[in-house]
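For reference, the structure discussed in these notes is given below.
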């Protein structure tokens, strides 16, 4: 196990047991643990706040829950798995027979061994989620059952984490993960941890070009609250990544952003190909995660995702089998490495424009022209530096990325970038 | 004969004999008869009014006209056919020989039996139109001929009919036909009657979506006057139909609007294909009818036409053989039914946009989300209602027609429309 | 030899010996001789003037220069060829041995017989350019060598010539050539003379449509100064031609402007094809001549060039062998004739728009409609005049060139142009 895998492993194990939801203390605890990795700021949005079409619901606290038989034996116990209680269940303390209880009991349709994952955030309800064996056991009980959910719904706040990492350019790239799932490892814990580690990677990048806006929000309501509270900033963003389900044992995959022609999709594909891994390409779909908010008409951010065992697609999705047997730190580290490669590629995207668009720059005045002519110019793959400089100045119009220009010129983009930096230094180009 | 055919037949017979022109009492009489079918408003534009590059000419009245031989025998007689007199002929009362008369006599180049149709609206002139037999008879006359046209050209007005049928959307569709032809049945009487019946059909549509601007104008000068008097409204219109030559025994056909990629052309083609009739496709041509005005650069309305024996194309065009033997109410009813299908298709075109473009709509708050999940959602052709709602909200950007969206989603457009209506009712979408 | 060839021949011989550079009296002398051909205005820009990123350098005067052996024998002599002195060499009067001299001696890498062409405008330096034989002779000298350059660098001005030839349209076409080369015939003398003769041709065109801005500038610094001093006018120009290397014995060729889809490229290709000559097509390249300035982002003029032995491509480029043995007046006259054909084609480009975009023009009111109908209309290649007039009015939207319209209608563009002129005269169209 590498050092990074070991570190990931420790955090997976610490964070897995917490009973996260869209609000609540375990969310704050999760964010506080992530602060050990990166200095994120924890924000609180008061319950009752209207965010676009939505209202932040009351904060949920769960202390304990069980179903006990006539002998007081716990047949279903929240202490065993927090998935046993439907998230946002209201408080119950009752004695009832199977017939009354049954509508509140949920089991997985396909996996007998699994406890399914259920929520009821906006409709007041309560429920237990059980294995098929537990279901049978409950059903066969003759006597009365004691049903307790020791929970509370009351005014409080929704918590989210945010870190803004500035770069040379004020243009931001959005990274978003969701912190609202209880004990499931691929969905969403793997994404939360990967995002924190990736944020640390970005923060350590020298000469970072782009700025990064990295958020840890409860899915949907948290992303919507974030958009509403940061509308102006979010409208300026062009590229986003929603990071989730990145630690499974299965194949890599990526989901295209809504505009298939947007460069982010091509860059991701290139990274995956260059990583020499098998991967599945998913078209954009309005179903998914918080791209539903970020890509809505008002924001129009091109949001893509890289997965390892994409949500919806793996058998253990939304069940207790999505655990630390299914997810390993090694698998998360593999996807982290792909994401780091993507950041490198995005950092390599550079867009420049002429400081003054009229006529040529006087190269010799800026020490860019070597009197004495052709033979003295350094050559880059068959083209002279002079040649590349002239083309760079001609094509840098504030829209062409340096890689597009490199493709046009059949030149190396890293060499072009060095030249562009030189031209920026000389005042001939301005980075965008 | 169906009821509608019988009704069309009665109107064809009543309207056929009237000696219509670009102005005059028979035009008003025609519009008054059409008022029995639909409540159109009759407007009068004073002669002498300047409309763009044109001036409304004096009003023309024709009472009688003939050419008689030395014995007083009428060789050519307006009472037999109003086509015998060139429209807008000035008054004549003279005795003359063949040589003097001959330049005023017009015969059909190809059809010996036919009286050709001639006009001279803007150049003061007079003339008679005759069959080849009449021409020979006149030519062989030795004695003087009495030539009488009892007509009058004097200040008055140009008359047109108009009916505005409002719909839920203020966006209008233009329907136009021309009322300036005397006793010819396919060109233009069939179009005038079809337009009136189609207007009635539209007026009776329940929950009509679009608004309709339906005009009965003399061709060219009437359409130009209409445009000049309604410039602001006409500039807002996107789609138009010029309805003419719709009652012949020959093939159906349609003429494309000037932009072949405009949806109106595809919709017409679909209607014709679905009607299972043979049809001819005509490209846009600047020759034609009042699309010359409506599609001019200043208005740019995409105007198309559906025909049954298109003008220019049938042998009897602009002759006395274009009569009620050539045109039957059955044939007009067939084309009417196609046009009704087209209106249905246009009504099915619906364009929506998000009320608030930021983030998702909270479906459950609007009763649009069924807690309990997947299995409970109604399915439409393999897609759940939730799926369609999410896509509809994402793609309704004020430009995509619901049919385009249906094509993208491979879904039924009528089902999508129901969902769109529901979303409008919930305040999530606004129809355009 | 034709009359025009004889005339070109006289000017080639008079202008060839002058020791032109980017500034100096020989440039003025060149412009004064060109004034015999066309009435160009000579402008002076003071040295030290800042033009965008550049500064006009001091004016250079060269009177004499030589390298003499110990016996006073001139081994290299400016009087024999002005190419022997590097342009902008500073003054020298020294006695030195070969080792000290050697860094200042330049020979051609490939052509032993040739004196290469060298300049050092912006870095203070001096140098001699010699044949391989001279180089060997200098090298073997044992004694001291006398090295004299009798030159002067001092405040003065940069000179350029300009002629504005107005046309019916205020839209200008740019013609540019460079006058900064000393005794070389193809580069750039042939281009300078051709431009002057072409200007005369244009000035004599009857009913000239476009306006022409024709400039004779020192390459780069002169073009940049011209752009800076005429920025507003230059930003309005769409089409330009840089005329150079047009008199070699080799193939014709043309270099595309930066937007390959711009009409200028197609028009040039058509002219070359119709001239029935072999030619080479060069893509746009940021290397080249003053298109580097005119096509820069701030101006964006689509500049193309027609060549006969393009710069860079012929062996004698930038050497004393590019002389009047290599270039003949016959060859220049051939390219002149191609350029005249191009001007004719550009003149034939005509763009019109409707005076009033609403509805049709009343043709009869303007004497454009012949009452009496079809048979009387003149026919042009199967289409009647009426037909062409209607289409012209419909399609003349201020963007479509009359040749584009002719292609759409499969009609003759010269006939269409006559009709367009008629419509302009009648007030229905306005030329752009």
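Going by the order they are written in, the chains are A, B and C; count residues from 1 in each one.
The rule is simple: a residue touches a chain if its C-beta (ideal position, glycine included) is under 8 Å from a C-beta of that chain, and two chains touch if they have at least 3 such contacts.
Quantities reported herein were computed from a predicted structural model and do not represent experimental measurements.
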| item | value |
| --- | --- |
| Chain C and chain B - chains in contact with each | A |
| Chain copies touching (chain A, chain C) - same or different residues, decided at half shared | different |
| Computed distance of Cα centres, chain C from chain A, in Å | 59 |
| Junction residues of chain A - those touching two or more other chains | none |
| Chain A residues touching chain B - in the complex, by the definition given at the top | 51-54, 120, 122-123, 125, 220, 223-224, 227-228, 231, 258, 286-287, 292-293, 295-299 |
| Touching residues on chain A, where the partner in the complex is chain C | 354, 356-362, 364-365, 371, 387, 390-391, 394, 397, 428 |
